[in-house]
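Two complexes are shown next, each including chain A; its partner changes from chain B in the first to chain C in the second.
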Partner chain A sequence: MSKLKVATVWLDGCSGCHMSFLDMDERLLKLAELIDIVYSPIVDAKVFPDEVDIALVEGAVASVDDEAKIKKVRAHSKMLIAMGDCAVAGNVPSMRNPIGPEKILDRAYIENASAQQQIPCVVVPKLLKIVRPIHEFVTVDVFLPGCPPSADTFYTALTALVTGAPLDISALTRFGA
Partner chain B sequence: MGVKTLIIDGQELSARAGQTILEVARENDINIPTLCHLEGLSNVGACRLCLVEIKGSNKLLPACVANIHEGMEVVTNSERLKKHRRVILELLFAERNHICAVCVSNGHCELQALAQEQGLTHINLPYRNPALTVDASHERFTVDHNRCILCMRCVRACAEIEGAHIWDVMGRGIDSIVITDLHEEWGSSACTRCGKCVQCCPTGALFDKSKIGSDHPKYPDFLPYLNLMREAR
Partner chain C sequence: MTQTITIDPVTRLEGHGKITIMLDSQGQVEDAHFHVTQVRGFEKFSEGRPFYEMPSLMARICGICPVSHLLASAKACEAIMAVRIPHTAAQLRRMLNMAQMVQSHALSFFHLSSPDLLLGMESDPRTRNIFGVAAARPDLGLAGIGLRRFGQHIIELLGSKRIHTGWVVPGGVTEPLSAAHRDEILSMLPEAFANVKLALTAYKQIADSFKQEIEVFANFPSNYLGLINEDESIEFTDGALRLIDPTGTIIEDGMTAHRFTEVIGEAVENYSYTKFVYYKPLGYPQGSYRVGPLPRLNIVKSMGTPQADAELAFFKQMSAGPIESSFHYHHARLVEALYGVENIERILADPLILDKHVRATAGVNRLEGAGQIEAPRGTLNHHYKVDENGKITWANLVVATGHNNKAMNLGVLQSAKAYVKDGKFTPGALNRVEAVIRAFDPCLSCSTHAFGQMPLVMTLVNADGEVVDQLIR
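Take a look at the complex of A and B:
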């Protein structure tokens, strides 16, 4: 069997899910017999490949950039996994939703800035009004809640998905796990 | 007291007249999920998680307030009921701002545990993201309306057990919130500081200020004992 091509993507999240992914430690070697990581914040590739088998997405959709990325990822992935509570439910990034982006930017770049008070408008992407989970933008095939999902959850879930074994996600993890 | 016989999930059971379906089910180790029900408080049938099917009726009944009768046939776990329960939980999650990862009750929350038990891995409804307040004016406790599911356990515990009736509900429908006194700050209300409401709260809406992180298990098990001791007097 040829190895499955796996990508991991980082939207509005803290990278904790990627850290937890790395926490699989030596089991990453076992997993590497089944999969190739072809795109990820932790590998060199800069462009999302034309076709991947499984895409793991960390983070909520918070900016126009995130929205474009998730749509591109969906278009080029056979299976899309929402990895962690931010991707699954919005989580901490969505705590700004009742307040709105204007007040948040003002607080961060004007009120609390001691020098050069200005709201960035170039290079950094424009924030969306509301931070939302990824399934509100694209179809998601598998939801892995947790903040972050544990390394055991990653290993069990990925092994099951790659080999086609049955997978009971609620037995592995939950919101806030 | 008459003995009634009934069937729950195919099991033939006997029960006392006047018992609720939930009581009989729990006595026989049949799990019916609940949120607003709490042993020791009156039942209000508010959360609708305990809805069950009754053979011969197309109405679903809340097991916590529906009394048993002779020959009743109850189904507690059909695919239809499971679907309804998941939607009820989704509505609760979407209605306010439940961020499990940063909640004092993470790992000890009945809403979170039920979501896991019912196999809910995501919320299919758009989140409402309402702007809600936190009242930390009380010297010992805090109420965070973002996490309240309006089960009204606090209202019942305060009125029925403590006898103070500080808690009540203000507003209608989706705009309802629990309030202390006539919408005074909790800290300047007539609260007796007994803390029963905090122990009864199924989520992190009411919590003890002395607890940090997510180390806040709650112990409402004292309620039935308190009632028992009072009845014995």
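Take a look at the complex of A and C:
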């Protein structure tokens, strides 16, 4: 059996879901016998591959870059997993929604700065008005809630998805877990 | 004709960033920038929330060092409560902080940088990762995973969850340590010592083969900031800050969290969402400085634990004054990891470590408070204001990546000048430019956190701004 190609993607999250993924510890090496991590913050690929079997996405969609990215990931992935509460429901990143990006930027770069006060605009991407979960932009195949989902959840879910064994997410994790 | 080289995303970083290298018409490097491309707004959206919510809310800034934000936030809250936490709570928090430092240093060294160091800067990008390391050097791959597990598991034993534990609260911690958990941590120590020593030995064997990188990886004089104890030993959780100049002379000492907020300023550059932190009396950018493992070792006189002290003495032989090349952050990180394991052993020997009194309570006694600690990658300060009811009215956070921002940008420029000549570069050369950033181990989640995605492109732009050529990796 050829190995499944797996990508992990980071949008507006805290990286805790990726860290929980790494918390599989030695089981990561076991998993590596079944899957190839072809794209991820922890490997060196710069371009999202043309064909990925499973993409795990952390974080909500908060900037124009995030939006372009999630669409690209969807177009090139057979299965898309919303990894963690930010991706599933917006969670902490969406707490800025009632305030709006202008006031957020003003506070950080004008009010709370003491030199060269200005809003960064070179190369850095524009913020969206509203932070939203990824299913509002693309179709999501599997929702894996938790803040973050535990390493056990990752291991059980991924081995089930790779081997085709039955999978009951609600027995593994929940929102806010 | 001008050219710009973009490295996007910078991979194997705790977060994402972009690097752009600007070439002049002769193809020589003119300037280089490191961009952090996301902003999240914690300082603003925390307004109106009760202050005691802050530690667990602020932990969500970063999943790599949530403990740093938990502790800095709890300390700021305790300044507002004007309360002193029980001895055992303080000791347990120190242990938690050490466990996080060890796991984070293991992540930085093994998972993110060892592929460059062990497999080579020029090695195949498809295997230049932790799995490639585990295949080429199974002993080191497993040591890295094991050392990270050691730290994460202690956090879990103390706070019942590896990432985003709710155990740290304003006033102390929610649960005391059980005898069973203490014994389990004790039983994990021998393996952790073995793993960290294996890393130190392996690093010392290969360090000499990186002479060229050591020369150009942000290798310049600067100021340095870090926590230190009164006996001049290293400190991560308490103590006070010391700022030294490039010769090692003290600029300011005994800096409390409150004093920090008076003398430390933040500048904005238009190309990054991470601010540039500086010491106000010297102005920006002259008042820039570095923080993290290398600066900490430059500042302190001892580690305070025997094995780490022997390693510190060996480390300090490199230079009579402060050690300047950021390449040595890797080495400093391993010395600190050894200290972390020794310090956990020492804290566990405290006769009061199982004491049940671990939480103090109080209401709002001051309308403003600040807390500071050393995160794995450098100094972290949380500063809050509240109203009479304890509702947050204002918050500001100064994180490690902000302190190092200027040095990272200068380091990228320095290495780009060395590895990009006459408009020509190799992927291995550009990986070295990225590796400069990796040496600092910046936590981009903390510093506002980045994301952006394009291939690695070298673009040739003509005078009219039209793209005339493009190379894509």
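One rule holds for everything that comes next: the second predicted complex is superposed on the first by the 177 of 177 C-alpha atoms of A that agree within 3 Å, B and C clash if a C-alpha of one lies under 4 Å from a C-alpha of the other, contacts with A are read in each partner's own complex, and residues count from 1 in each chain.
Everything that follows uses one rule, which is that a contact is a pair of C-beta atoms (placed from the backbone, for glycine too) under 8 Å apart; a residue touches a chain by one contact, two chains touch by 3 or more.
As the structure is a prediction and not an experimental result, all values here were calculated from the model.
K.L.:
When the two structures are superposed on chain A, do chain B and chain C clash or fit side by side?
P.N.:
With chain A as the common anchor, chain B and chain C both fit in the superposed model.
K.L.:
Looking at the overlay, does A:Cys147 come into contact with chain B only (first), chain C only (second), both, or neither?
P.N.:
Once the two structures are laid over each other on A, A:Cys147 reaches both partners.
K.L.:
In the three-chain superposition, say which chain, chain B or chain C, touches more residues of chain A.
P.N.:
C
K.L.:
Pick one for A:Val138: touches chain B only (first), chain C only (second), both, or neither.
P.N.:
Once the two structures are laid over each other on A, A:Val138 reaches no partner at all.
K.L.:
Taking the superposition on A as described, I'd like to know which of chain B and chain C A:Tyr109 touches: first, second, both or neither.
P.N.:
Only chain C; A:Tyr109 stays clear of chain B.
K.L.:
Given the touch rule stated above, what does A:Leu29 touch, chain B (first), chain C (second), both, or neither?
P.N.:
second
K.L.:
Based on the superposed arrangement, let me know which partner A:Val6 touches: chain B (first), chain C (second), both, or neither?
P.N.:
So A:Val6 meets neither chain B nor chain C here.
K.L.:
Name the contact category of A:Ile70: first (chain B only), second (chain C only), both, or neither.
P.N.:
After superposing on A, A:Ile70 lies clear of both chain B and chain C.
K.L.:
In the overlay, answer first, second, both or neither for which of chain B and chain C A:Met95 touches.
P.N.:
Both partners.
K.L.:
Enter the shortest inter-chain Cα distance between chain B and chain C once the structures share a common frame, rounded to whole Å.
P.N.:
Least C-alpha distance after superposition: 5 Å.
K.L.:
Return the residues of chain A at which the contacts from chain B and from chain C coincide.
P.N.:
The answer is residues 91-92, 95, 98-99, 147 of chain A.
K.L.:
In the complex, go through chain A and note every residue touching chain B.
P.N.:
82, 85, 88-92, 94-95, 97-99, 130, 132-133, 135-136, 140, 143-145, 147, 169-170, 174-176
K.L.:
Per the contact definition, I'd like the list of chain A residues that touch chain C in the complex.
P.N.:
10-20, 22-23, 25-26, 28-29, 32, 37, 41-48, 59, 62-63, 65-66, 68-69, 72, 91-93, 95-96, 98-99, 101, 103-105, 107-109, 112-125, 127, 147-148, 150-151
K.L.:
Of all residues in chain C, which touch chain A in the complex?
P.N.:
Touching chain A from chain C are residues 7-9, 11-16, 18, 20, 33, 35-41, 43-45, 57, 60-64, 66, 107, 111-112, 115, 125-126, 128-131, 134, 141-142, 145-146, 148-149, 152, 162-164, 265-273, 275, 278, 280, 283-284, 396, 431, 445, 448-449, 451-456, 472-473.
K.L.:
Which bits of chain B are touching chain A when the two form their complex?
P.N.:
Going through chain B, the ones touching chain A are 93, 97-103, 106-107, 112-113, 115-124, 126-127, 129-132, 214.
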